[in-house]
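Below you'll find the structures, each written out as structure tokens.
Next come two complexes built around chain A: one with chain B, the other with chain C.
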Partner chain A sequence: MEKYILEVNGLKKYFPMSKGFSFKKEKQYIKAVDGVDFYVKEGETLGLVGESGCGKSTTGKCIVRLHEPTYGEIIFKGENVIDYDKNKLRGYRKQMQFIFQDPFSSLNPRKTVANAIGEVLYVHNMKNKKERIERVEELLNLVGLQKRHMYRYPHEFSGGQRQRIVIARALSVDPEFLICDEPVSALDVSIQAQIINLLEKLQGNLRLSYLFISHDLRVVRHISSRIAVMYLGQIVETAESNELFDHPLHPYTKALINAIPTTDTVRDRKKILLEGDVPSPANPPKGCRFHTRCPHVMEICKNEVPEYKDIGGGHYLACHLA
Partner chain B sequence: MENAKKAARKRKIRKFIESFKTNKMGMIGAIILGIFIFLAIFGPIIYPYDPMQFGTAKDVMAPPGPGRILGSDDMGRDVLGGLISGTRISLAVGILATIISMVVGTIIGVASGYYGGRTDAILMRFTDMFLVIPWLPLMLVLAAILGSSIWNIILVIGLTSWAGTARVVRAQALSIKERQFVERAKSIGADDRHIMVKHILPNVFPLVFANTILVSAVAILSETTLSFLGMGDPTHPSWGMMLHFAFESGAASVGAFWFLLPPGLCVVAVVLAFTFLGYAFDEILNPKLERR
Partner chain C sequence: MDQEILKVNNLKTYFFTEDEEIPAVDGVSFSISKGETLGIVGESGSGKSVTALSIMRLLPVPPAKIVDGQILFRDEDLLKKSEDEMRNIRGNRISMIFQEPMTSLNPVFTIGRQISETLILHQGMNNKEAIEKSIEMLKLVKIPLPEKRVREYPHQLSGGMRQRVMIAMALACRPEILIADEPTTALDVTIQAQILELIKELQEQLGTAVMMITHDLGVIAEVSDNVMVMYCGRALEYSDVETLFNNPKHPYTIGLLKSVPKLKGRREKLHAIKGIVPMPNEITSGCRFKTRCEQKTLICENKEPPFIKLGKSLVRCWKYQ
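So, the complex of A and B:
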């Protein structure tokens, strides 16, 4: 059996809705993440895709415990992170770094690059001032920036450079796992490629595992070894990257892949268009969550929740069609 | 590399000075304040004065003339000398009281905004209490209980003027703590103290700075008020104290304007200078008001 560095079982995150006074006895919840299972093998990249609002980022934040999960297990290197106390959590957060989507707001505008990158070391009481500066230099080199950038402020950099700074910062404590929450969606396409290549290079050199959260299937396909597709707080299909693209089984996955824009004008594609909007996560549909928009909807879909199970070769699926 | 850091800081300061120079209000304020600060520091050396040295009977309320540019007071002391030595007291009390007020206001504001919830509710109700209590009676009562030493005056003014600052700082802290870099700091395992000191404080600082100057004006005015009402420290005569003595001795009714007007005008000038500076800094440091 292969080693799983991270295993997430039955993760749920409900946000209570509190708009004004309510005399209803039942409290209403936004079910942002509602029973998510996946694992990440050591050294691989798991891509997590889905449209906005499906709970991708919430899942990521639950894993580093920025949000306290309502229910579920998060097992990192054999230990359940949910049980960690304050001290152990600090140690855990050293090994698990988070890269945020927006490089413009995730850097404090009043801190120099050296301060921003050295902060993680400072927080974890690692190294003295001189060693920290040396480490910062080393990291800047690693991500393709120069020593002279050290004492500049974030507003003096472009989006791509900022994201490099953010990556350098995440790497400063030699983490083993990076959660990248849409790290390139705020960047130009040409810069996206640079950052993705950088992340791939670093993964090879530093033996990192990634959870790569994105809504951009092309980017995810490029970087991930396996991909999990999320819809309305649940994972509907997981498979090896190529397998998923060549043989998508879930109607939602098919629609997503079909929607990727191509430059190929010769091939006549049959378009799959999904009708309607994503239902509200406060009141998800009964049965299969996708049944309101599914082109192959059957009677059973409206009443019974399809089981999320292995259908062979590491291909997981939650659909009554299979 | 240290040089690069210094250069970056220098650039910032130069930019600030340049935009300050074009601000007329700010320049007037700075010049007036500069004169008074100079007087406070060097005045007693240039123009020696002893408040305990009283004049003879013919000196009492003597009008301005040769040898005494501003005449003399009810005890035959030189008014100009009193004015210059009063500058030091008035400014020192104003500035020290402001520092106390800023420290208290900033700590309460940041803690309240960052922690939120119950802490916020308790701290803000406490702040509201200080905001709604009429500050003059409160200061009078406190000054009366603590006794009229100059340090007590500073303490009393400082501890009654922080509420506005706390409110402003809290509002800013509320908005900053929702920014992503704060969330990220949490995700790397930083504790609350680190986040407040390293992330929130630097971002509320421009606001605190602009507020400091406005509070200084109020603090100086408060000191004058307290001294005028007889709560001042008689061993450290400030401008307010001079006004107090002028009022007591009936300077207005005998027409001794040289005794009454100069300290009053000085208070007005200093308060005005601080207010001008405050508005100028706000205009420069507040990105929303920035002229481009």
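So, the complex of A and C:
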């Protein structure tokens, strides 16, 4: 039995909608995350992909309880995080850190790098100033920055450098798990590669586990050992990453992979173009959520929700076709 | 067949601030023929958008100033046109789609009103004709229920739909050139695929020349005939799309292609170009790429390489001298 560092079972997050005056007695909800199950093994990277609005970021935020989940279990190292009180939550967040997409807004413009990272150390009980400075220096080295960067302000850094600072800050408390929410989406291609390499190196050296949330399938394929594909608040397919790219089974996964522009200049590949847009999560389609856009839609898809199950070899799928 | 519509010669657009001058575009030349797609690729700050805005003459003067060069549109220099003459060309013979479909539509006017505005202005149509034509354009860009959509406001549409409206608006007057500045960057992949396909289809139908500006090498490979790679206000490599992707020559192009994660085969460590993109005014002598190049020699430090012709491509690198 392999050890799961994180297990998420039946996670749901509904946001109440307040849309002015309504005669309806029932309250309406946006079902951002609607029954998500997955696990992350120790030392691995699970990629979570999907288009905007599919609930991937909400899932990430629920795991660290920045959003309170409506329903479900989040089991970190054998304990259900949902039951944690404020004190225990602080300890938990020390082990579980979060990296956000936009390195421009996740650093306080009025704090130097030393202060930004030092504050975290102070909060987590490193009260000696000299020790803190030493630790900050060590962390900056770890992410490829230098001592001389310590007393500068965020505006003096480029996007890639800021993302390095954010990573250093996340690592300052020796976490075991990092949730990276689109960490390279705001960066240029050549800088993207630098940050991805850094994340991989750190994972090897510090034995970290990652939940890597992104809409960029290329990046996710590169960094993840396994990938989960989300659509409208639910996971439709999970598999080992080569398996997912070589043998995608869900029509949505197929379309998603097919839609990535390739750098091959041979232009005769068959295109799968999806019709229309993603439906609103306030009023998701009945049955399989993808049936409104699916090229292989059958009668059963419109009424019955397909079961999300293991079809062998750790390949999970929710589709009536299989 | 090879009819050149647009020819840009040695375009230099500088920005002048109180104490600095920033050469955002510094001596760029290219041409686009009828029905062709030219892809311009580069990282942020490479001057690709400024090039586009210079052609449209949409840059605020000051701080921006086009200090040198020619922009020949059908053999007429756009830089010598008056503002009135430019207004007749913009949106009529050359149009542009911007990156943000959320902010480039006016939220207080209906879709129909916004598309018909160009038609009324440039084609002298009356209101009714213009609305009918707008519906036709919405049909062309494959928006379902165009008769209904034409009366709706931008907030009622999704991102992909809004970008379709932008395209409908840009193509309403059948322009000869369509400049697309990162048209799919804000969209999801499946929607991006739809929009790229649509632009390609319409280009074939209408024979429009397209200038596609993007940072995404995949998009470039997908749609372009010719590609120009920009870095720090300069073109570093200019060639046809097959040569560029199968046989890239400039160290920057090679590095850029290697830093994109692959979709097939074994996963290897990504090749990252070291360092950061410099500011356009940081490098005053020698090759623009010298601070990040792994094959730098002494000559790169002091003297900027000219465009060297190698087969079908032009490369700005001393390696090929």
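The rule is simple: the second predicted complex is superposed on the first by the 320 of 322 C-alpha atoms of A that agree within 3 Å, B and C clash if a C-alpha of one lies under 4 Å from a C-alpha of the other, contacts with A are read in each partner's own complex, and residues count from 1 in each chain.
One rule holds for everything that comes next: a residue touches a chain if its C-beta (ideal position, glycine included) is under 8 Å from a C-beta of that chain, and two chains touch if they have at least 3 such contacts.
Note that the structure is predicted; figures quoted are calculated from it, not measured.
Asker: Could you tell me whether chain B and chain C fit or clash when both sit on chain A in the superposition?
Answerer: In the arrangement built by aligning on chain A, the partners chain C and chain B fit side by side.
Asker: Quick one: the Cα-centre angle at chain A between chain B and chain C, nearest 10 degrees, please.
Answerer: 80
Asker: Scan A:K147 for contacts with chain B and chain C and give back first, second, both or neither.
Answerer: first
Asker: Could you figure out whether chain B or chain C reaches more residues of chain A?
Answerer: C
Asker: Given the touch rule stated above, what does A:V305 touch, chain B (first), chain C (second), both, or neither?
Answerer: neither
Asker: Contact-wise, after the overlay, does A:L321 reach chain B, chain C, both or neither (first, second, both, neither)?
Answerer: neither
Asker: Considering only touches as defined above, state whether A:G160 meets chain B (first), chain C (second), both or neither.
Answerer: second
Asker: Considering only the touch criterion stated at the top, classify A:V297 as touching first (chain B), second (chain C), both, or neither.
Answerer: In the superposition, A:V297 touches no partner, neither chain B nor chain C.
Asker: Of the two partner chains, chain B (first) and chain C (second), which one does A:H124 touch, if any: first, second, both, or neither?
Answerer: first
Asker: Between chain B (first) and chain C (second), which, if any, makes contact with A:I75: first, second, both or neither?
Answerer: neither
Asker: Minimum C-alpha distance between chain B and chain C after superposition, to be given in whole Å.
Answerer: Least C-alpha distance: 8 Å.
Asker: Using the superposition on chain A as set up above, list the residues of chain A that contact both chain B and chain C.
Answerer: The overlap between the chain B and chain C interfaces on chain A is empty, containing no residue.
Asker: Under the stated contact criterion, what part of chain A meets chain B in this complex?
Answerer: 64, 66, 89-90, 93-94, 97-98, 100, 102, 105-112, 119-120, 123-124, 133, 147-148, 150-153, 173
Asker: What does chain B use to touch chain A in their complex?
Answerer: The touching residues are 1, 4-5, 7-8, 179-181, 183-191, 194, 198-199, 202-203.
Asker: Which bits of chain A are touching chain C when the two form their complex?
Answerer: Against chain C, the touching part of chain A is residues 51-52, 158, 160-161, 188-194, 196-197, 200, 215, 217-219, 221-222, 245, 255-265, 267, 271, 273-274, 276-278.
Asker: Inside the complex, what are the residues of chain C that reach chain A?
Answerer: 43-44, 144, 158, 160-161, 188-194, 196-197, 215-219, 221-222, 241-242, 245-246, 255-257, 259-264, 267, 269-274, 276-277
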